[in-house]
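Down below is the structure, laid out as C-alpha cells.
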Amino acid sequence: MTSLTDRALETLPDGVVDWITESGRPQWQDDLLLIGGIVLATYVLFAAIGLLFGVGANSIVGTLQQITFFAAVYALTALALNLHWGYTGLFNIGVAGFMAVGAYTMAILTAAPDGSPPGLGLPMIVGVVGGMIAAALVGFVAALPALRVRADYFAIVTLGLSEIIRRALLSRSLQEFDVAGYTLGTGGGSGIRAPSTGVVANYLLYGSADRSSDSTVLGDLLFNLGIRESIVVNGVYTLVLIAFVVAFYLLLTRIAYSPFGRVLKAIREDELAARSLGKNTNRTKIKVFMLGCGLMGLAGILWQGSRTLVSPNNFMPIVTFYIFVALIVGGSGSNTGSVIGGFVFAAFLYEGPRFLRTIVRANFDVRSPPTIYDAFVDLGSGDPTALVGYAIGSLDEIRFIFIGVVLILFMIWRPDGLLGHRKEIAAATDLSRRPAATDGGEADE
Amino acid sequence: MSDVETEPQSADSARPTDESTPRSTGASILELRNLEKRFGGITAVDGASFEVERGTITGLIGPNGAGKSTTFNCITGVHEPNAGSVVFDGEEITGLEPHQIATRGLVRTFQIAREFPEMTVLENMMLAPKAQLGESLWRSVTPIVRSDVVEQEGEMRERAWEMLDFFEIDHLAHEYAGNLSGGQRKLLELARALLTEPEMLLLDEPMAGVNPSLEKKLLEHIHELQEQGYTFLLVEHDMDVIMNHCEHVIVMHQGSVLAEGVAEEIQSNEAVIEAYLGGDV
Amino acid sequence: IGGDNGSGGDADAMVGVLQPVTGDLGNLGGPIRDAAILPGTQLENEGVDFEIDIREEDTESTADAGVSGAQSLVDAGYPAITGAASSQVTITVAEDILIPNGVVGISPASTAPTITDLEDDDYIFRTCPSDALQGEVMAEVAYEERGLESAASFYLNNDYGQQLSDSFVGAFEDLGGEVTETVGFEAEQPSYTSALESALADDPDMMIVIGYPASGEQIFRDYYSEFDTGQTIMVTDGLRDGDLPGNVDNAMENVVGTAPLAAGPEEDAFNQLYQDEYGSEPGVFTAQAYDATAVNILASIAAGETTGSAIRDSLRDVANPDGEDVGPSNLADAIQMVDDGDAVNYQGASSSVNFDDNGDMQAVTYEIFEFSEDGLETVEEIDFEA
Amino acid sequence: MALLDVSGLDAGYGDLQILEGVDMTVDEGEYVTIVGPNGAGKSTVMKSIFGLTTYMGGSVDFDGEEISARRPEDIISTGIGYVPQNDNVFPSLSVKENLEMGAYILDDVPEDRLRRIYDRFPILEQRKTQKAGTMSGGQQQMLAMGRALMLDPDLLMLDEPSAGLAPDLVDDMFDRIDEINDDGTAILLVEQNAKEALRRCDRGYVLVQGQNRYEDSGDALLADEQVRQDFLGG
Amino acid sequence: MSTGNVRGKLSHLSTQELVGGLLLLGIVILGLDLVRLLVTGELPLERLLSYTWNGIVDSLYIGLAAIGLSMTYSILRFANFSHGDLITTGAFSGWTVAYLVGGLGVADLSSRLLLRANGGAQPGSVGMDVLASPIAIVLGLLVAVAVTILVALAIDRFIYRRLRDEGGIPLLIASVGVALALRYLIAVFYTTETRIVVASPPEIAGIDVHQATLVVSAVALILGIHLLLQYTKLGKSMRAMSDNKDLALITGIPTERVIFATWVIGAGLAGAAGYLIVLNRGQITINLGWFLLLLIFAAVILGGIGSIYGAIAGSLVIGVTINLSLIWIPSDMNEIAAFVLMILVLIFRPDGLFSGVETA
C-alpha cells in the first residue's frame, strides 16, 4: 500500500488518470483522490518555485490562497455551466450576464440607503437569496426566446443577452431610478458599493462584521499559525467558497445520477425522441436553465460580491470564455472535471503567469523597453534582457495568447478534457442485472 | 422545429364524423377526422379520416409523398394540424404536445431510428417508463424522498432487463446505443417504446433497411405483442409485410384516404393498383 | 513584526507601489509608477544606510486586479502603499484591503471627491487635490472669466468623470450658468458621434470634456469632423496631453484646460531627478507619486516600525509644518534627520504636501492651459486653499 | 480484364476496421449486386472505392489504374458514378442545378447528356426549376441517378436505390437500372430488396461482417438454400 | 378538456405571432412617432438624415464583414468567433504598410513599423489621408486584404482543417481560442493602446473623402462578390457544399478548393472591412473587430445564414437600428436595441428574416 502522497504525485503524468478511474474503489473516492492529488502537487510546485527564488513564506501562502480563491470561483461557475452544457447540451455563453444579475441584485438589496447609488440596506442573506432568485428569473425570461432557436443561434443569443445586461448596467439611464417610492440604482460605470460577502470570514474569526473585535476560538487557532492575519481572513473566506463548491458538486452529482439527469442527457442527445417518449422537455429545459442561472448568480455573488464594489466591467464576455476554458480543460460533462478544470485554469493559466512575473521582477533587474522594436534593437546589439523585459511587461497579452493556444490544443488533441471521456451512467441505482440466485454471484445490494 | 403556422380552425374539431367513417366507434382506439396539414403551398395531408381498431395491426400504405409520415407527425404532436382532429381513446388530443400524447399511451417510432447515442442501451431503456418519481428535480436531490426514487429505479431496471431479454439484445445492455447496427437500433427503439407501456404504437417503416431475416424476427415480436393486447399502426412499403400481417389496411393518396379494408380487398382495388401497387403485384 | 517580505530580510521602510501599468490607464500609469519607485532608486543610488524595500504591483486599470495586487502586497507585509491611480480602484482597494488590514494608502492621482469622506480610520491619504476644487475652478474660469453662460458636460462614465462633472455642474449652476446636457460616455468607443450629437443638441456656449487621451483623441476627432462651431471646449487634467493636437490632427485652438499643477517648492529638483533616471519629461501626477512614496518612507522611519498604524500616525508629523524643510533634493538627509528624531516638514514636488484631517491636501495650485504648436502652454495659475 | 477490380481491401472509419480483405470484380457492362445483413459493410465498400473511408490495405483498380489513393474528384473523372444511400441530392439547388453539378468537373454542361437524362426521366424535365428538397422520395432517387449519369460513367454504383420507395416505383427503379445497364453501363448495386436484385443481376456477392461470404450468379444465389435461409428471409 | 386544448394551441402558436405582431406594431408606432417628431420640429430633418446616412455607412462595413462570416458559417458549418480578429488583422497589416510607404523619409522606422506604438509619427505629419498619399492608402488596402487572407488560410490549414469533421461546437470553441491568440499576438507587437492613425479627413464639396472612399470601396466589393458568385461555378458549388458536403465530394466538387475560396473571399472582405473602418474612424485598436463581432453575428442571423443578400439586408437592419434608435433612446443603449431586435426577430422567425431566400 503506497502512501497518499505517493499516489497523488503519481497522478501527475498523463495516463495515470485512467489508472485511478479504473481501479476498484468507488468513483467518488477516486475523484476526491484525484482532485486532492492535483491540488497538492500544484501547491508543492508553486511553493518550491517560490522558495527557490527567495519569496517569503507569507507571500507564498498568500499566492496559494489567491490561487485557491480563483480555483473555487471558477469551479463554481464551471459546475453551473456543466449543468447547462455538459449535461443538457445548452451552449450558454452568457454566463457573465447571469453572474452580473446575481451580484447586482445582491448589491442593490444590501447597499446602504444613503449611498450613491442608494440601496435597500437589507441583510446580507436576503441579498444572497434575492440575487440567486433574480438570476434564475432572468434565466426564465431568457429561456423563453433562447430555447426556441437553433442550437448554434442559442449561443449567440445568450452572448447577446449577457451584453444587453452588461450594457444596461453600464448605462447612465439606470444609474439611479425610482421603484415604489425607493430610489435605487446600478451606479452606471462607477458601479455600486455594497457590503462584501467577505464579512462571513469576519464572523467566523471575530464573531462580528468588524475586525476590531476579539477573535473567536477558530480565530485564535488560525492566528497562531504564524500566517499573516490578512491571509487568514481571506483564507477563511476561500474555505467558505470551497464549502460551496462541495455543495454545488454534491447537488449536481445527485442530479446527474438521477432520472432527472437522465432526461437532461436525453435532451442533449435527441430532444424530439425524448418528447416522443413522454418527456416534457421544454419544462425540463426551463427548469434546468433556471437552476443553472441561479447557481451562476450565486457564484457571481460569492465572487464579485466579495469586493465592496460591483462594477459592470467585471462581467465582460471574456469572463464567460475563461469559464469555458476551465470547463473544457477539465472535461465537460463531468462534475469532477469541472472542479479540476477550475483549479488548473486558476493555477496555471490565470494566476501562474502573475506569480512568474512577480518572481522575475523581484529577482532580476529587467526593464521593459517601450516597444518590441526597441527590444529587438537591443537584441541586435547583443542585449537579450530587453526582450525578456518586454515579454514580462507584455505578460498579460502573452497570457491571453497562451489561453487561446491551450484552448485550440485541447480541441485538437484532447477534446474531452484532462479527465478524458467520462460517460457517467445517469441512474439512481446500479443498473447491472441483479444476479439470479442460481448465478452464484455476489449479491450487490 | 415548429414552423410558421396559422391558427387551427378549432371549430372543425367539433364537427361530427362524416360519412367516410367506416365502422362503429366502440372498438376504435384512434380516430382521425378530416385531418389537414399544409407546408407553405404544399398540402401534405388533405382531409384524411380513418379509425384504428383496438388490438389490431393496421397497415398504412401509400405512394411516396402521400402524407403518411406527416399524418404520424400530426397524430403525435410533432406537427400541429391546420384543421381536423385526432381522438385517442375517446379523448381529443389534437394540438397537444408530443410528450402529452405519449403520456396518454400513444407512442411512436421514427422512420430513421432515433436512439440516444451517448447513453447505454440500458439507459435508453430506463428513460422510457412514465411517471418516474425521480424526474422531478426536487425529488431527485432531496435526501429522504430520494429513497423512493432509488426503489422505483430498481423496479424499472427489472422491467428494462426483461424487455431486453424479450428482444434478445440483453447482451448489448451496457453498449452505447450509438454503436449498434441499424437493425439493433430498430429493436432498441421498439423495446424502448414498449417500456412506456403504451396502449398503441405507431411504427414508421419499421422494416425499411432491415435485413430480411431480422425482419422476420421483428414481425414475430409484433404478433406476440398484439396478443398481449397492444394496438399497432404501421407504415410500410413492403407489401409482403402488409398483406401477410395486417388485418386492416388503409391506403393514402395525395393526403387523403383512398381506400381501406382487409388486405385482399385492397390488393384487388383498382384505384389502389393504379396509384400505388403498379401493374404486376 | 514578522520577518517576511518580498525580498527577504528586514527593511527600514517598506512601500508597495500599486499603479496601472497596463490597461486603459497604462500610458499614464507607467510614468506614475516610475515616479513612485524613484525615491527608492534615488536613496539606493545615494547609498543610504537604510534598507528601503519597494515592491510594485499592477492594477491593470481594474478594481479586480487592483484588489489582487493590494492583497499580495499586504500578504507580503507591506504596511504602506502608494496607490492606486483611478478613483474607482483606489476606493475599492481601500475598502476591501487597506482599511480592514490597517495599511496606509496614499494615492497620487485619485481625485474623486468621495475619497475625502471615506470611513477610513485615517488610513487613506492623497497627494493630489479633490476634484471638488477643480469643478469650482472650471466653473469660475468659464462663467466669470470668459463669460460663457451655458455648458454641456461630456464625461467619462466612471467615478472620476461622474464626480468631476457633478462638481462642475453644481458650481456652474451656483454661479448662475445653465447646464444644457450631461452625457456620460464609455471609454475607447469606436465613435462618439452620436454621443456628441446629444451633448451638443442645444448648442451650448461651451462643453466640458472629462476623460483620458485614449478616448479623447477619438472624441475630438469626431468633434472636429462634424460639430466644430468654434465654441469653447474645456478639458481637465485627464486630457492634459501635449500630443493631443497632433494625434487629433487639429490645432485645437478652442480648447482650454484645467489641471492640478505640480508646483511644489521642490518641483525642479524632482524634474531633474526624473529626467536623470528615465531620460524623459515627467508626466501628469508623477510629482504627486514621488511625494507619496517619499512621505511614506519618511513616516515609516519616523515611526520606527513597519506597521500601518504607526506610519499613519507619523505621516502628518513628517509632512506638515513645524520642522525643518526637506524635500526631493535632500531626501537622504531627511531620512537621517527623521531617524535621529528631528522634526521635519516635507516640501514636495507637487505641493508643500500638508495633509488635512481627511488626508487631503490643504493647499493646491491649478493651472489653466491651452494647446499650442508645440504641445501645452500654461496660461494662468490659480492657488487654492481648501 | 475486369473494369473494377477490388482485391484484399481493408478499410474502415478512423481506427475502426470494417472491411477485411474484400475481393470484388465488375466487368465492363456487367450488372453486379451486393447483398448482406445490416452493418455488413456494403455501403462501406462503395465509399471505399470512392476514397471516402480510411484506407487500410489492399487495392482498388479501375480500368487498369490504381485509384485507392486518389481524390474523389479524380476518381469521378475516371468514369465511376455513385449514388449514395441517403441524402443524395442537394436540397436547396433546383433539379436542373443538381444535374449540372453532376458535370461539375467539365467546363461546360454537356447538353446532349442532359437531353438524354431528361428523356429517360421526363419528370425531371417537368420539375427542372423545383427545389430538389421538395421532391418526393422516389423523384429524388431518380434525380440522384440522373446526376450520377451526367458524366456517362462506365460504372454506376447504386446504394439501396429502392429503399423507402412505393412498390410501383420499386419496379420502375429496377427497370430503369436495367435500361441503363442495357446501354452498356456496368452496374454495382447494393440492395436489401435482395430477391429482386439477385433476380435481375448477372452476378451477386454476399457480404457478411466485412468479408466475402458467397459469390455466384444471381440465380444460383437465389437458388442456394443456405443463402435463402440466412440472408433472404427464407 | 377541449378548452384546455384550445388554450394549449393558442399559447403554442401565438408566441411567434404575438412577437411578430408586437414587432410590427412597434415599428408602426415608432414610424408614426417619427412623423410627429418631424412635424413638431423636435427632430430636425437634418438630424434624421444624418442618422440615416450614418446607419448606411455602418451597415456597409458591417455588411462587408457579415458576408464573409455568413459564407464561412454556411460552408464550414460553425460560428467563427475569430472573424472579428481577422478584421483587426486587416486593419493592422494594411495600415502598417500605409505608414511604411506614406511615412517614408518623414518618420522613423520604429513608429511606422509599429503604427505609432511609441506615440511618434503623428498621422497629420505622415500625411495619412487619401488625398495626401493615395498610393500608400491604396497599397495598404491591398495588403490588408492579402495578409488577412494568408492568415486565415494558415489558421484553416493548421487548426480548422483538423477539426473539420468534429461538428460545430468544437470548431466554435477552437475559434474562440484563435480569436484570443490572434488578437493578443497583434497586441504583443502593437501594444493594446488605442490610437489615431489617420489624418483628419479632407473634404471635397462638403463630402468627407474618407467616408466616401469607404462607401465606394464597400459597394464595389459587394458588387464584385455578387458577380463572382452569380456568374461562376463557385457560387453554385458553395451552395452545394453548404447543402451536403459529402455529396459534394462525391459529385466531384473539390471541396477543399471551395473552402479555400471561401476563406479567400471571406477573409479578404474582412480584411478590407477592417482597413476601411479605420480609414473612416481614424482610430485603431486591437479590439476593433472583437467589439464589432456581436453586431456582425446579429446581422448574419437576422439575414439568415448562408445568403449574402440576407447578410447585407441584416447589416442594413442593424446599422440603421443602432443609429435611428438614437431618436428615442440614449446613445449608450443603442446596441442594446440592436441585440433586442435580433432576439425578437429570432422568436418570430427562428431561421432569420431571409431564410429560404436562397442566393449564393
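To keep things simple, chains are lettered A, B, C, D and E as they appear, and every chain counts its residues starting from 1.
The criterion applied here is as follows: contacts are C-beta pairs under 8 Å (C-beta built on N, C-alpha and C of every residue); 3 or more make two chains touch, one makes a residue touch a chain.
Since this is a predicted model, take the numbers as computed values, not measurements.
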### chain E and chain C - chains in contact with each
A
### Message
For the interfaces A-E and A-C, which has the higher count of C-beta pairs in contact?
### Response
A-E
## Note on the structure
Most remote chain w.r.t. Chain D, using mean C-alpha positions, is C
### Message
I'd like to verify one number: the distance from the centre of chain A to the centre of chain D, where each centre is the average of its C-alpha atoms, in whole angstrom.
### Response
54
### Task
Express in whole angstrom the distance between the two chain centres, defined as the mean CA positions of chain B and chain C.
76
### chain A and chain B, separation of their C-alpha mean positions in angstrom
45
### Summary
Distance between the CA centroids of chain B and chain D (whole Å) is 32
### Message
For chain B, give me the residues that contact two or more of the other chains.
### Response
97
### Task
Going through chain C residue by residue, note those that touch at least 2 other chains and give them in order.
22, 157, 183-184, 186
### Summary
Where chain A touches two or more other chains simultaneously, the residues are 170, 172
### Touch list for chain C against partner chain E, complex
22-23, 26-27, 157, 183-186, 188, 190-191, 193-195, 197-198, 214-215, 217-218, 221, 224-225, 243, 246-250
### Query
Within the complex, which stretch of chain A touches chain B?
251, 254-255, 258-263, 265-266, 268-270, 272-282, 284, 287-288, 291, 423, 425-429, 431-434
### Query
Which of the residues in chain E end up touching chain A in this complex?
15, 78-79, 109-110, 113-114, 117-118, 159, 162-163, 166, 168-174, 176-185, 187-189, 191-192, 294, 297-298, 301, 329-330, 332-333, 335-336, 339-340, 342-344, 346-347, 350-351
### Message
Which residues of chain E touch chain C once you look at their complex with the stated criterion?
### Response
47, 50, 54, 119, 122-125, 192-196, 199-201, 208, 277, 281-283, 285, 287-288, 291-292, 323, 326, 330-332, 334
## Note on the structure
Counting only contacts in the complex, chain D reaches chain B at residues 36-39, 134, 136-139, 160, 163-172, 192, 194, 229-234
